[in-house]
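To start, I am sharing the structure in question, which I have written as structure tokens.
For reference, chains read A, B, C and D in written order, and residue numbers begin at 1 within each chain.
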């Protein structure tokens, strides 16, 4: 099958590679000519721009946008829409807001253009492991492009099969689903990332409590020196917290148990925030997912004024001077 | 009435002054001879040590310990207990753990010594405003020392009286209560401080959100420059958040709306922590009080290893490099 | 001065009364004819609808909308806009989203109509205590309507004056401010309510921990029976948590220390949610304000499915059966 | 090797079975004679009590206690200590507090008795999957009993090996570690369970947000019906949240996507609470782990009085009546 790919970064480039390995043909574009050349050298067809890409794809076309959410994706959708014709499909595989997917699909529909929002998980590991995909849009379009999704997905692999799934969508076991109408794909991916934040923060707090067992704040007789790298490793087998995030933590701690190379300045993407917004909009208490997001804000010094307010009050009522940091 | 005071810091010294203004006699001791001399110059009787203090008090004696919780208080209780005789009373007015009060009272009881745990709120303002006191211990002892508590308490003042309190303990309206048996005084004070943490954090977050309305993260047309000092002031009249903590905030922001003189490194005392422990022990969800405590930990950089774990995971699954701080 | 008032509920009706006491003339409308008649009987001019109200006001007119945020307010703004003429002013005194205020002001400006967003705090007590007002909009319009705001505000009262406010806006001390351009009034009111949620939850948790000191979960020797009504009262004088919310709590607990008449099903309005949204949008960690919101969601049973997921996992890994509730 | 097992519940019984499969000899006791008979029927040696068990074990003896933490375990340790002789070892494999392990080891040491605290994860799956074990105590004792631990542990299995572990303790890769001196085993297990709580809550909130995408609170056009069973399944392959807890969730949702059989009344064990206590004691902000614990308290209606306080305040300032539940 043929697919256009716009955006050849870490994710987009490897998606193209995995598709080509499966025998699909990719027409690729990136504003970096070098990125295009590299993939062309691996067998992809280079495009000099979106118009060229559309010209090089046969109808009904499918073009996958893998760009940062927001302005870059918005612009690409708009430009593609102007170039494509009825029956063609625009896929947004990035981390866009699900409400944008709803809006984009609605605005393209009158012109006969299809739109799929494909939440795509896999990171730098997707090329080998495959990509977990959550797809929103019309059933017919999702079905027509099944060869693409099927090739990108991890497949059954060696994962133990879940009992009781007879009669359910078999694609889920192969690592992709048609999650629902437009927006559903990005919605499910958004929640996935929200959960990811919560799980990461759970591990982060836990390992901090392990390490602080040797804290000089404790009476000396009570202190415990714990080898956090070995703990991460031992939990990988037979424990309840076995998970891919733990695997990654074990690798990082095996390389350096003190993590000295990291500053601990933790970025967040839009999806953690949108998950909180969705929870608030739908009256769902999301204490853990929200605390995980706020911990990232705090890691970046975002509570400075709040902290100063606390210090000012403490001085006001108790004459407390701030301790020296 | 006569009272011994051990510990002449910000709180202890002013308690003595307020008692003397009301005509009571105080015998005072502090390991700083200068602090003792200063109060002697204001009319107190100086003691050179606890033995001297006990000798200078007439039976039944009452000695008030106003020292840091923990070792200092423990030692003073022990030494006093060895010097006093049946019928005498030891008062712990500091921020001790209520379980220590239970234990101390139980260990003194067989020897005929009384023990009162007096949670004391008032800070540097207590001399003028009076001290709010929550007292734990035997009813007889609390009653016998009523002249002391009555003199220290704020009294009715100009505070609007609460309807429906006919038949209830009239002391509450004058600013002190017999909260219950030993431990109850410090327990109630502990919860008071827990609530204080929560309220402070609520204001801190709110003022941070006010200030960040001008954040460069926002689209320019949406930014609002808000005068936080004026906001603090306006809320002091007629709003729902009217409170003494707001008064203090308004004062601090009037002096410097940017609070540049503060680093935002916020200490916590034991009582915030004990409140969380009590909540956990009693299965009470205390999300806000706990989050307030943890925000203080974070203000002091206590999550550094946790944050590095997050960074390490993010690099592991997505190849994300940490942003520059 | 003349003011039109649309919406004569708890807030709107009392605002009219307070204005009339100060000698202002009010033209009033409500979809309930009875509410209109009642205020007409107290001296207001009745209007049969918005057109009638506009007809009965002299230019430059000012009409205050005091309706539920959302559809009701949107409709009233739209209808008024169609009836008014350049130079007239529409005031939204309700709890609208500040982004709506920005949008409404922008859409009215080309037609010469002024728009003020007035965050109004005071509840059922405003008639006597006065209303704390945070006003957004053009300076000229705010200044022209100063007699209205000045009459509604609490005034200096007996509140101790904050030092260091020389040279600052004197209105803040009388209980109202011009917070900034359109949206700023509702933004500040939104944050006020966010803080209010946090403070309320701090008290709620604290009193729960007081009450649970007698929990049968504790060893009997450790249990404490604490009179929560007396505690609320004693904290009203000299303590750090002194506040109007505490006054209200003391009143409620004096009437019934067990609060048996309440189910504990706690509603939330939009402003608590919007505060969280603003915090998330501006990268401000708002742990306490958000936890307070989520506690309300949970009070209404909004975590039921989440809890079932937990139970299902526990059964999955440990064979744990749910305890009987 | 020979091992005594006290407590033949879900965990203890299967530990015995796994040991016997590996060729070890077990002497078993439980206060339920039927449980003893059942295992005797599978090849274990029945003991009629602890004295009988000690008599049937050859020195140096090892007896594993697998009882509820607290009184039951305390009593068994005490009774065994009275029966055993220098060189023997008592193992506590239950979920005891690590401070109890420190205390017990210290009290047994003068009598030449060894004590190991073995945090044991595996639940009902341990018999087949093996048990992940975190062991605290003296190195010699841990080494001597290695055949037991080695047989119980999962072994390398098919889990991908972590790079960079050359030179590190090889036992970690086989699913058990010597975590440190007495207390370290239960400390690490405690943190494991704390993390487990956080991860579970992250999933619980995420699936709740997925389900509530169809909430009637949302505008109809925005609602999404999401098949949560398929989502759980699809995330098992290639996503970042891949984990054993997700596997269990997928199984439960495949059996019943509405989880109607569960009430959502979620119990907690001591370890989640102790994790919070340790965090507080060591000044580590543990927002997520704590929020997860409190969510369980709330699931059991533990915030009722707090919620009533909120309702009472809302009525006080705004005249708000509680909505009907």
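The rule we apply is simple: a contact is a pair of C-beta atoms (placed from the backbone, for glycine too) under 8 Å apart; a residue touches a chain by one contact, two chains touch by 3 or more.
This structure is a prediction, so every number in the text was calculated from the model and none was measured.
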item	value
If a chain touches subunit A and subunit D alike, it appears here	B, C
Pair with more cross-chain C-beta pairs in contact, given A-C and C-D	C-D
Most remote chain, CA-based centroid, reference being subunit D	C
Separation of mean Cα positions, subunit C and subunit A [Å, integer]	38
Rounded Å distance, subunit C centre to subunit D centre (Cα mean)	46
For subunit D, residues contacting two or more additional chains	123, 201, 203, 205, 208, 212, 240, 244-245, 251, 281, 283-287, 291, 294-295, 298, 300, 303, 306, 317
Subunit A-facing residues of subunit D, complex	99, 102, 121-123, 126, 129-134, 153-160, 162-165, 168-169, 171-177, 179-181, 183-184, 187-188, 191-199, 201-203, 205-206, 208-210, 212-213, 215, 217-218, 222, 224-227, 229-231, 233-247, 250-251, 254-255, 275, 278-279, 281-289, 291-292, 294-295
Subunit A-touching residues of subunit B, taken from the complex the two chains share	10, 123-125, 200-201, 203-205, 207-208, 211-212, 244-245, 248-249, 251-253, 259, 262-267, 287, 291, 295-296, 298-301, 303-320, 322-325
Complex contacts: residues of subunit B adjacent to subunit D	240, 273, 276-277, 280-281, 283-287, 290-291, 293-295, 297-298, 300, 302-303, 306, 317
